[in-house]
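Look for subunit A in each of the two complexes below; its partner is subunit B in the first and subunit C in the second.
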Partner chain A sequence: MKRAFQVGLAVLLFGLALYPTMASGYGIRFMLQLFMWVALAQSWNLISGLTGYVSFGHVAFFGTGAYAAGILVTTHGWHWVPASLAGGVAAVILALLIGYPCLRLKGPYFAISMLGLNEVMRVLVSYFEGLTGGGSGLSFPTQPASVQIYYAMALSALAVTGAAYFIITSRFGLKFMTIREDEVAAEAMGIDTARYKLGAFVLSAFVPGVVGGLFARDTGYIEPISVFALIITITMIVMALFGGKGTVWGPVLGAVTLFVLQELVWARFLFFYQILFGAIIVVVVLLMPRGILGVLQQRYHLPRTI
Partner chain B sequence: MNVVITPAMVGQVVISGLLAGALYSLVALGLALIFGVMRVINIAHGTILMLGAYTTFWSFHILGLNPYLSLLVSMPLMFLLGVLLQRTFVRRVVDAPELSSLLLTFGISIALVNMAQLAFTSDLRSVEFLTGAFLLGPFAFSKSRVISFAFAVTLSLFAFWFLQRTKLGKAIRATSQSREVAMVCGINVQRIHLYSFGIASALSAAGGSLVAVMVAIQPEMGQVYTFKSFLVIVLGGAGNYPGALLGGMLLGLVEQLSSLFLTTQVSEAVAYLLLVLVLLLRPTGLLGGRST
Partner chain C sequence: MQTRPILEVSGVTKRFGGVTAVNRCSLSLARGKIYGLIGPNGSGKTTLFNCITGLERRDEGEVRFKGGRIDGLKPHQVARRGIGRTFQIIRVFPELTALENLLVVTQGPFEAARRRAEELLRFVTLDRLQNEYAGNLSYGQQKLLEFVRVLMTDPELILLDEPAAGVNPTLLNELLAAITGLRDQGKTILIVEHDMKVVMGLSETIFVLDYGEKIAEGPPGVIQADARVIEAYFGR
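Our next item is the complex of A and B:
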């Protein structure tokens, strides 16, 4: 079983690596957005799925990364690859600043302070017009790079999924999960919970920052309401929950399923589709806390690590 | 910005701060109630405020009902919605880890906001009632703000009296102190949870009806209030009801004072900075509260 899964995965990755050589422009853009959502949902999973600290403002890192990269590319003439990495670093700095006070306390404080963080970042970015272009946004010089961005997004998704795999199957990950299950017990066992929570948080902020930079390069134009949009946070949470939070493949499964459905049908009925997102969260929390992956694992007796 | 700040300006700002703060107190008291009784942070609290504001808008727009009288419509209506939400959804996650209740109320909030988008569109609406201002010496106060303030203070004090003096209020406080002991004393805890969620929603709806005459109404207006109410609870100490009243006033003052020096947009960020500072320096809140 496990063997078959590994072989299947290798074939899939190989196929995806060759895909741009034969695909249409639309196909490539579709796939790169899919990778973006996998990376985002998986990043949210790293903090919220593993340690149980819900982040309602993960898009703040995405937006920060997008703006950091945007400023470096447009006013300092950086290439978009180092600029996106710098976007990731900017997101990490923000995570350290906000995580240090808020993660020392328990769940709700962190959750709501993240909800506020997004608003604040949007306000600040709109306010400092000289640097960010304010409400009128930042435009990138035109320079199509879809194929390169395809690979960059794919690498980001792969990196964060790989990180999730190594964390979940390691002692390090057990510490995160102990914090999720019982923080007092975790402390009593000698786990420095504040440090590990901050570690998970910083780790989960880096990739959204990078992906934000790539997104900015790909769309060529960013403005505060487009990169600090609450719907982006909602989408990553729904994807991770739907697939199965706290697992390696759940967020991937959730992102793929929901993104394909979204592209095919739902995007035409915007608000209806967001009502459905709300409903999915409610149903998953009440009826299948381990997501569809959890349901599948139970029904077909699949091993936990895949 | 080199603006000369005169004492009159400071006075004006302090009064505006108190006027705004009373509304924060009212709304936050509801959030504090739910948190105190059930240990649930209700992310949909601001969403209910938004629905309250729409109730006022529509009853004013269609029936021509006085916006302040519409409190009599919005409060019972949202009380019922609160009871319904508690009975169908929230009840199931009261004892679950925080992750579940946070996500659940977040899901409810997204669904309700988008239903409102679908039903009412995202157009900005306003209730044009009582424009103009009272003039008193060097100060000017918009009439709607003063009257909303009066209503907010009255309702908060009434809610407070209710919690302190009535039998149901005492049962609610007992449940929030210790659910087990309350149960042993013969209190039907499930029912107290229902009432608490209902009352909290009614308070939030009252806040919504009162802000309806002052700000633009749109489906996403509630999120800011969820955040600010939470900030007020943190300021006052979690599960501390007088703390919520004080915290609201304080938030109003800080916001208004900072708007003397900064633009209104950035004064939102100041409120956030305040949250982070309080969490760092005095995590149990200014009046002290229960740790979570």
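Our next item is the complex of A and C:
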């Protein structure tokens, strides 16, 4: 079973690596967006699914990465690859600054502080027009780079999924999960919860920052409302919840299912998609708060590594 | 020769708003002995535990462990110095397995930690359930798991908050034997317990709290005959 899964995964990764050589431009752009959502949903899973601090403002890291990369590319002439990595670093710096005060808050208070962070970032970016272009946004040079961005997005998704796997399977990683399980008991057992929380938070911010930079390069144009959009946070949360937070493959499954569904329905019935999305949120919350894999895991006693 | 006490609590006071939960409390524990801490509900036993382990910041007084001040340290720093505790309300990690609950609190070589964890699970007859999520275990089993989890960090001083509550009589005897066994290995143990038979049977010295103040201290026989203790429990 495990062996079959590993072989299947290897074949899948190999196939995905070869895909751009035979796919259409549409196919590649579809897949790179799919990888982006996997990376975002999985990043949210690191802090909220595994460490238990539910973040309602994770798009702040995405937007910060997008703008950091955007400024470096447009005004400093950086190549988009190092610029996107710098976007990740910018998101990490933001996480360090904001994590120190905000991670003292618990439950809904933390969630709301993160929501506020995103609003503040959006306003700040709009305000400093000289640097960011303000409300008129930033435009990128437009030589196509879809294939390269495809691989960069795929690597981002792979990296953060690897991080989730490591947290779930290693003794060191389990320490992050004790924070979700019982922070007081973890402290009393000698685990420095403040440090681990900040570590998980920073880890969960890096990839959204990188992916934000890649997204900016891919779409060629960013503005405050497009990269600090609340809907992006909500989408990553719903994807992770739908597939099963706190598992390795849940956010991947959720992102793939919902993104494919969106592509099928959205092109034809724009408003129907929004209704469907809303209905999915309600159904997941009411009927399977643990998500698809969470339910399977409990019913069939499966390990969290699913 | 008189050796220095392992734990010295001197004049500790803790207030919550207008309520003084612990009032100028002083205890001194010698290494390698079992101590009991009793008192009616709300007399400040758990708050005192929390002041020792850093979960609450004391308002006044000093706590010294092996001679060094530990009041003002964070709970994980206190734990790292060698004080372990269990909780009155069970606090296992419910969505980690029984085995993971023990492994996660350890540092150092993994294989050694694993052998120790398996040995402790066998000891409390939870070895067959080692891959079960802790949240799926029964109340008594979770209690035992929490008890062995504290042993994983090999603390020198162990604070047990009602270890006997909810444990079945057969297992209780083994638990009591285990506690005595720990004492024989040189550990110091402070127990909060409502079951008088348990606490009187185990402890060499008992401290009695009432309204946050220590009203008596002495061997079980003396405590049982103490007029102030009887008054605290049964009224005048």
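One rule holds in what follows: the second predicted complex is superposed on the first by the 278 of 306 C-alpha atoms of A that agree within 3 Å, B and C clash if a C-alpha of one lies under 4 Å from a C-alpha of the other, contacts with A are read in each partner's own complex, and residues count from 1 in each chain.
Assume a residue touches a chain if its C-beta (ideal position, glycine included) is under 8 Å from a C-beta of that chain, and two chains touch if they have at least 3 such contacts.
This one's a predicted model, so the numbers in the text were calculated from it and none came from an experiment.
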Touching partner for A:Val184 - first (subunit B), second (subunit C), both, neither: second
Subunit B versus subunit C as contact partner of A:His79, first or second or both or neither: neither
Partner chain in contact with A:Lys175 - subunit B first, subunit C second, else both or neither: second
First (subunit B), second (subunit C), both or neither touched by A:Phe277: first
Which superposed partner A:Tyr127 touches (first subunit B, second subunit C, both, neither): first
Touching partner for A:Thr193 - first (subunit B), second (subunit C), both, neither: second
Which superposed partner A:Ile112 touches (first subunit B, second subunit C, both, neither): first
Contacts of A:Lys2 with subunit B and subunit C, given as first, second, both or neither: neither
Subunit A positions touched by subunit B in one structure and by subunit C in the second: 180
Parts of subunit B lying in touch with subunit A, wherever the complex brings them together: 35, 41, 43, 89, 92-93, 97-100, 102-104, 106-115, 117-118, 220, 223-224, 226-227, 230-231, 234, 263, 265-266, 268-269, 272, 275-276, 279-280, 283, 291-292
Residues of subunit A touching subunit B in the complex: 48, 52, 54, 56, 98, 101-102, 104-109, 111-113, 115-117, 119-120, 123-124, 126-127, 180, 230, 234, 237, 241, 271-272, 274-275, 277-282, 285-286, 289
Touching residues (chain side subunit C, partner subunit A) in the complex: 53, 55, 74-76, 79-80, 84-85, 87, 91-96, 100, 103-106, 110, 113, 149-150, 153
Partner subunit C, residues of subunit A touching it in the complex: 171, 174-175, 177-178, 180-182, 184-194, 246
